[in-house]
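Each structure below is given as structure tokens.
Heads up, the next two complexes both have subunit A, just with different partners, subunit B and then subunit C.
Now for the complex of A and B:
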């Protein structure tokens, strides 16, 4: 067996030398073209020089354009919250609910004694905790503006915000019959409008699927939903990461805004 | 003589049964996305169906065919009983358990992640576990093929390994190595997140690991078809194989070049450097070498058959071919589809041209034409050729067989040509609905309806195929002549070491994997900034 292998892997075996040699030659040729020749032919100062060309073609991450084009500074504060699926779960939840319940006493005036609003403010009972946490943080940093909410959260620590979010998430959600049934949903909720880049509302906000950070909307007060959708559309609300809600709302017609708001509000 | 007929039949029947179901899903998908149907209001139903269709057609169906055919080849070509029959049944059982474990959560809507997994989307863990079990089941087959060949070589020192077994084991080793990429992705990246042990995933690395599997898997699908080209068709049409050496060189070149090319699926991915994309593009082009060698060798073999039947002239011999022979028809259709599909593939593999059709329906058209067309029609041919030897009954429905092959050919052309066309117009793939009322899209409506009609022909053909196989079980009993593989004009009496074993070529395959994948994988493993939060599918949060 070893004898066979030594006869196979041998410079005297033309099959070995030809196949290995040709493969090696092909690799060296394609590597030369791909890593040296083509990058060097780019009319780009950052690809100049052998090392730069090779590193660039190998895909080594570098801040290539940092000197020539500094990032554009936003004119308004943007959301800096990073959500991960597990951030508001794990041990210590029970204590969080207790602390959150105490902190929430200041919220009851508008959001109701048990997180269900009678004042056209959002229902918080049973809302996803990452969604509540994100909004609270945005109110604190000014990414989302509200003359009422900003002073309410200004003195709260990050842990306070987490406790509040976990507390409200733990309350029973107001029943909304048919909230998970997509069949009777409107076009704009179930399918959006692909040619205008409007994703279906239901693909993030429930009934089709849920996405981290996106709140459920059913049931929320009609006036609240409408004012927020319009605020996204005209850019006065801008704490949606990557601008996805602004891009959706700006392309919606007034009829579509009304219909989608009715859809989510009527599910109460 | 096949002594393990039940084993082979079990593999083939399971493969074709689930193939029949997946064809129905495919046609349903085409119908609901076409202008013949309004917009589907729950797109998840569409994605569930795509996930099931892709998982069955991409993983389970061709794997079972390769395994069943492989077990038959091991006995028929080596003339020895299969070693490890119990293990073979164990592998079969693993595939059944894995398929059931995968299909249930998909049907429940917990795993609408498509068969390419698409991290950071994460679904229910049972789907991924099911896919892993299917792969593990197929690895048992890989090992058995190697062991059977090894035992035969020990008993016949220096004798030339029969071509069918040589190619079969090349396919097995190719699959054994290429499945590792997706296995690594599933075991070390996706499953920890699906099981809740982690909540972030390096999606760029996942895509690179998947590309390790994604392109070479196509050549694993293709191997049974190529084995049929070389070792069944020339015999079935009364000819001789033009060159045994050329056949062996083709198979080993597939082994070497199928693997280090998968990054051509990632031309639009930012996490890979352009240099590696170019290198993979060059190596992808090399796959045309064994493909063209095969086309040449098989055409020459067919010409030999024609001249033996009295064909004359530069092209006049074409008339002398046995066109009523199903194997002749299947080969012709397969080559036509391989030709068009291969020409389209040249666009996909070139770094620059790809950008015009990347992620459009063109790509769907391309791989359906190659796999569903050129390859699957040869799976039919293999079944037609082997069935009498497995059931001991005569294949009487020759006219029905020809109709079935014609329907599949026409159906596949009518399905995939419009797909290519709308892809060039820019129609994206993997969408649950399209707005055909938009001015830019209305021109695509007609073509989409055409492809749905083509799909209906495919459903018809698949039903016909299953009927023909089923009817054979109650046909007249016959004692079929001993099964033989094609004879070459010059049967090998002794072969160079390099062409009588796969060691050298497996070595080259592994070496090229390291040169072409080593750095991108290591670099991405070290890039912890690239971890992104999982996006849970199926209502989990």
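Now for the complex of A and C:
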């Protein structure tokens, strides 16, 4: 038995030499096709030459656009905030809340003693911390303009902004008057208008899903929501990353703007 | 079927060898057919069989580099070709309206700022994934002017159905007039 098996894997066994030889030949031919022939047939200088063809097909990262003119710099300051999902979590949150509460004394005049506003300024209690952090940074860099906010954030360090954001996120949200109302959400909020490039508000702002950096909207003062949505629509506010909010707002009709603002201002 | 005769065991060995050879031939033909199909589609059909891997940090696209907002859109290169840069993000493409000239070599450069998106230009064979961390580069050319819808074809979240862009192909003359006073061209409102 043992004797027979040793003779199976042997160069003198024609079945062995033929099948292994054919498989090897097939492998070499396929490698030639995949790594040399097909890449070389591409109309791209970076695939020409043996090494280029092999590296290109193997997926070695390289720069695939050589001839190009330099990037066009923005005419107005744009948001330069880098948000990552974990940036405002982890150890040290408790200390941040304490420091933030002290720093927040300067905010209470407009944003309320516990982050709930009585002055048509945004409610900050329970807001997502990355959203607060992003706006504060944008006020500092001038990507978002406000005659009131700009002087308030001068001199605050990056850690101060993080502490403030974590503090306000930790406060309880204002109880919403429509929270127990079981009536279905408004069309523009729940379904948007896909045929006109309008995603549902809730797909980023919290009721359906939350996108990093997008704020929780309910409840916020009506006048504030309306002015911001209109500023996005006409482009005077442009600190949304890569136009993600302007792309939506510019397609909204005045009726849709009013309806969505009413929804978030009064009813959840 | 041939009945194996117990009287002559060599007969059955020869029969097995014949069957083995037949099967080997069949399997080799199937593999050869598959390789031939790969070669044919690679040479004559597919737009980009080998990868063009290039990386980009999705969290800093808007801060610097070629995907900052002011650099998106169509730009005319020195050799007369047009480069189109775009970003896919939840839930829109930027720019939302892409304008390109007909009968001109076009290079698309696209990447994602958040999750996996896709782009498919209807009426053409242009179809690519747009993945965070990677830049999709491909070259194409449009024969004639026209409007094409460009939906996102990878489910990217609850607002996915609202994510699409327009690709407006105009004739060369119109394009050069449009491109005369701007370095990055879009047909956004």
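Here is the rule we go by: the second predicted complex is superposed on the first by the 220 of 268 C-alpha atoms of A that agree within 3 Å, B and C clash if a C-alpha of one lies under 4 Å from a C-alpha of the other, contacts with A are read in each partner's own complex, and residues count from 1 in each chain.
We adopt the following convention: a contact is a pair of C-beta atoms (placed from the backbone, for glycine too) under 8 Å apart; a residue touches a chain by one contact, two chains touch by 3 or more.
No experiment lies behind these values; they were computed from the predicted model shown.
In the superposed model, A:241 lies in contact with subunit C only, and not with subunit B. Residue contacts after overlaying the shared chain place A:86 against subunit B, while subunit C stays out of touching range.
In the superposition on chain A, contact of A:94 is made with neither subunit B nor subunit C. By the touch criterion defined above, A:106 lies against neither subunit B nor subunit C after alignment on the C-alpha atoms of chain A. Touch counts on subunit A: comparing subunit C and subunit B, the chain ahead is C. Once chain A of one complex is fitted onto chain A of the other, the partner contacts of A:193 extend to both subunit B and subunit C. Look at A:13: by the touch rule set out above, it reaches subunit B but stays clear of subunit C. When both complexes are overlaid on chain A, the residue A:38 reaches subunit B and subunit C alike. Applying the stated contact rule after C-alpha superposition, one finds that A:57 touches each of subunit B and subunit C. Judged by the document's definition of touching, subunit A residues 15, 19, 26, 29-30, 33-34, 38-39, 56-57, 59-61, 83-84, 193-194, 200, 203, 208-209, 211-212 lie at the interface with subunit B and also at the interface with subunit C.
On the side of subunit A, the complex with subunit C involves touching residues 15, 19, 22, 26, 29-30, 33-34, 37-39, 41-44, 46-47, 53, 56-57, 59-65, 67-69, 71-75, 78-80, 82-84, 192-194, 197-200, 202-204, 208-209, 211-212, 241-244, 247-248, 250. Across the interface of their complex, subunit A is touched by residues 39-44, 199-200, 256, 271-279, 282-283, 286, 431, 433-435, 438, 440-441, 496-499, 501, 503-505, 508, 511-512, 515-516, 519-520, 523, 527, 533-537, 539, 541 of subunit B. Within the complex, the subunit A residues that touch subunit B are 4-5, 7-9, 13, 15-16, 19-20, 23, 26-27, 29-31, 33-35, 38-39, 54, 56-61, 83-86, 128, 182-183, 185, 187, 190-191, 193-195, 200, 203, 208-212.
Subunit C meets subunit A in the complex at residues 20, 24, 28, 31, 35, 38-39, 42-43, 48-55, 59-63, 65-72, 75, 77-79, 83, 87, 89-92, 94, 96, 107, 109, 113-114, 135, 137, 139, 157-159, 161-164, 183-184, 189.
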